[in-house]
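A, B, C and D label the chains in the order they appear, each numbered from 1.
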């Protein structure tokens, strides 16, 4: 491993330790690394905004390109320039008199976002609604689906299509959960009936089951990352680079 | 194309829900008196949090999430405008940290507006709203630093939060701050529930502006959303019963082949796809034959490749 | 429509004409901006509303207007319905970038905010001025190095013949960029991301207590899920259940994995779905209010 | 102070230190932990394995170094699967400008592995094309649905001969004119780019997902709603994939006697996917033991945290 790579790894380790030091308490070293971090991030954004976004999405399309051998090139669509004044209106936010104009580019961005909400609504939620309509009457009253490994394919196909009692009960629980939690999110009705209050309360409890399950599985992700950091410090840096 | 087969149902439902929301907005603007909204604990805590910050003489920090400029950020800033209104009256200093320049522009405009309307523009600190970074974790490091250095007494984390949510919540907790949090990202909600004092769950976040302002348009829209939820619940219940009935008590006698119904030799058990709702939701794609259209061709522009060259080497 | 057809929206690249057109376009835009700035107070809201409405309308039309079937690149539309459909389809690749281009233009505001805060700290002798200076120095350094290496990579004559994918061919600027970006910035990202694991531990220790029914339910589910992620525990529970024998079929449903899968599929999935239904409706309603300029309070004014 | 009280008022700095120590120590022993892959991961693996060899895939790689612990393991496993099967693919990113580079680094590592094992490396243009970063996730989704060729534009790759050529010049992409012509779209992500895909490309092309443990739970309803053909979640998902590569998958109907480690898929009754030859176990296997340790520590912490609470309640009841 060459010197540069070692130096790079060492810098990474130092930065990691610096940021971790906040776990003990806020200190000068953390504050230093934090400001380097913020500075690098801002610098990178200023670089990327032109190199990765505006150049590709705006400038190149506006000015076009000259063809090289074989390809005819692309024309420049000059009207893209009209976006620039709209964008500049955003800077009016600091003007005392014309600050309202900064709402125009904001309005355009929000308009596009809003229009897309209507456009994507069904594609996202339709299949979810469909999947929520589960059969709750069993077609086969035995409790569990039998082991299919011993069956002929024809017999297995029939078994596969049957709804067994356990499945029906599960589906019923599923349906109840979805309705109960949905009822928890009714805001504008005063739920007076005993039935609705029970639904509401069980909705809140079932919601907690959902949140607990998320917590349980998300913890894995967090630990995976800290494990990877330790791998970086102790295996990649210390074991493989420093004491190799 | 999108209306093909049963595809029109999706369009119809979307338009219907939109129409219902607009109708309830219209109706509530015409109605008198205060409309009912159920209690949302997280929002009642706003005054308590600001009161404590005022007592301790420490600032209130607000973070509208790390997403770009969309309704979530706008909603967060709407709530923060309300928070700022109270803070302005008590001259409590605020810090609003943004992770997106466009969100920063909106927040700057809105917050100044709040001070102006309250007639307290001299209390407005133009550095109160600041852009920290648009990189997720640089932002997290920066905001955590601000929280710890400024020793904030109250923290509001509302908006689209991702992994960094817990960095904020635990940093604020280490400072002993009262925290009100809410995220539309359901995966972050449990962390907020574990680490914060008050949490807005799910679309309580979207209900917040209606709850705080009681503006008829917002309340009307909320009622419309509730109707849509009732529609969902009814649809699910009805669909569930119909599907159950069809799968348990009716048999499949015909199957669809090349757009034709063909009789089966023996009746089969229906699968989910054979039920009425299964048919409606599972939109069939048109066959290649049906997709074929002959249209006259135009001349390619000089920069376009001629059709025969397309895809070739 | 005739007038629109008269205007040439495109121009060959590399000729003077394109620059003239851009300049003309820019002045037209600035003139419009000037006209808008003179708008009377009561016209302001409708102006902003009109911009918002038109932008949103595009996607709504794209959704509602019948999409023409199998549109070829050189097809001529037949009839007015198809003409609009063709127009919408052809415009998607152009319009899709508008929002991100505008957001990119606004970045200057963010940079301005950073500069204002940190420069004023430096000049006013704030106690953190050293750190503010650090921030500005690293920002400028990153910018210079970033653009320098980009220029060398993309636009120099050497770029056409050299394979910069290979680190041996790197220039000084590329090396520096790699150090700042890959060596520092990315590692800091990862470090900050992984710091959450520590916070999760302390948060769980401090707050995950059986204070109420809700808290207990949440804690219980979380514990089951965590255990099920441990392959070893899961394996042991499966083996234990198998060794109990008896009616295998029934007991199989009580291994750790079956229980956690059951929770995920029959309780977590529907409760999250119901919650997401609400969030989805909230977003739709909010989108609708913003689009139609109905939003009130705070941002809506 | 009683022991119970002391245990439930540990300073959080001690917990942090314990986590560092525990995760580090358990990185070193190499133990193969038994595993039962999730059905969602099996579905994904089977779906990828069943794509015809002549159908290219779309790989949307949106992860960066910040989620390296999970995403890189997933991407490595996916690349190994595709390369062993000789599947052609189009690689692009929308999530982060840096995403293409980390993906390229992984491909370089696996190529080196392949060369060391005496196999052909995977080369741009010949075996895959690298579109790079396309800004604006929503826009790219919209544009891909309308016209994939215009969405990817005239990106070029450097072929084995050192010549830059447009990606559309590759013969195996000639037939791909719309998204529907691709076998599958697989997203490797640590953010909500998958939502954008479901919203805009759902129903156009089968969607597969390799995501972090954070995104995972939120995506399960979409997997249940069949909007995703399969998903692999987090570090467990990485280990699942590695496990299936190492041991193969068979359906519940295939009655051959298999090893105890072989994976049985409940959703595919008559399938038989043999194990893949070569290096299968990597990052997932390395980290899995540490994950156990960390989770165990977490559970202990929660128990300790609850001790006083229970103690105080018991005391209250006595009095």
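What we mean here is this: a contact is a pair of C-beta atoms (placed from the backbone, for glycine too) under 8 Å apart; a residue touches a chain by one contact, two chains touch by 3 or more.
What you see is a predicted model, and the numbers here were worked out from it, not measured in a lab.
> When you take the mean of every protein CA atom shown, which chain's own CA mean is nearest to it?
A
> Specify the chain pair with the maximum number of C-beta contact pairs.
Looking at every pair of chains, the most contacts join A-C.
> I'd like the Å distance between the centres of subunit B and subunit C, where a centre is the mean of that chain's Cα atoms.
14
> I'd like to verify one number: the distance from the centre of subunit B to the centre of subunit D, where each centre is the average of its C-alpha atoms, in whole angstrom.
27
> Averaging only over C-alpha atoms, locate the centres of subunit A and subunit B and give their separation in whole Å.
13
> Spell out, as numbers or ranges, the residues of subunit D touching 2 or more other chains.
16, 19, 66-69, 135-136, 138, 203, 214, 217-218, 221, 224, 236, 291, 294-295, 298
> Considering subunit C alone, which of its residues make contact with at least two other chains?
63, 97, 99-100, 102-103, 106-111, 114, 128, 181-182, 185-190, 192-198, 200, 202, 204, 206, 208, 218-219, 222-223, 226, 229, 264-265, 268-269, 272-273, 275-278, 283-284, 286-288, 290
> For subunit B, write out the residues touching at least two other chains, lowest number first.
Where subunit B meets two or more other chains at a single residue, that happens at 11, 14, 17-18, 69, 71, 74, 102, 105-106, 108, 134-138, 141, 149, 163, 186-187, 190-191, 193-194, 201-203, 207, 222, 225, 229, 232.
> Chain contact topology under the given definition, line, ring, star, complete or other?
Basically all the chains touch each other, so complete.
> Which part of subunit A faces subunit B closely enough to touch in the complex?
Touching subunit B: residues 19, 22, 26, 30-31, 33-34, 37-38, 40-42, 44-45, 72-75, 90, 93, 99, 102-103, 105-106, 109-110, 113-114, 117-118, 121-123, 126-127, 129-130, 132-139, 158, 161-163, 171, 175, 178-179, 182-183, 185-191, 207, 211-212, 214-215, 218, 221-222 of subunit A.
> Touching residues of subunit C toward subunit B in the complex: what are they?
Answer in residue numbers: 63-64, 66-70, 72-78, 102-103, 106-111, 113-114, 116-117, 120, 128, 185, 188-189, 192-193, 195-196, 199-200, 202-204, 206-208, 218, 222, 272, 275-279, 281-290, 292, 294-301.
> Would you mind writing out the residues of subunit A in touch with subunit C in their complex?
Within the complex, subunit A contacts subunit C at residues 4, 7-9, 11-13, 15-16, 19-20, 22-23, 31-51, 53-54, 57-58, 62-66, 73-79, 81-93, 98, 100-101, 103-105, 107-119, 121, 124-125, 128, 132, 143-144, 146-147, 166, 170, 173-175, 177-182, 184-185, 203-217, 219-220, 222-223, 225-226, 228-229, 232.
> Over in the complex, which subunit B residues touch subunit C? Could you list them?
1-3, 11, 14-15, 17-18, 21-22, 25, 68-69, 71-72, 74-75, 77-82, 98, 100-102, 104-106, 108, 110, 113-114, 126-127, 129-131, 134-138, 140-141, 149, 163-164, 166-167, 169-170, 173, 184, 186, 190-191, 193-195, 201-203, 205-207, 209, 212-213, 215, 217-218, 221-222, 224-225, 228-229, 232, 286, 290-293, 295-300, 304, 307, 310
> What residues on subunit B touch subunit A, complex-wise?
Interface residues on the subunit B side: 10-11, 13-14, 17-18, 35-38, 40, 69-71, 74, 102, 105-106, 108-109, 112, 132-135, 137-139, 141-142, 144-145, 148-149, 163, 186-187, 189-191, 193-194, 201-204, 207, 210-211, 219, 222-223, 225-226, 229-230, 232-233, 235-237, 239-245, 247-249, 268-269, 271-272, 277-278, 281-282, 301-303, 305.
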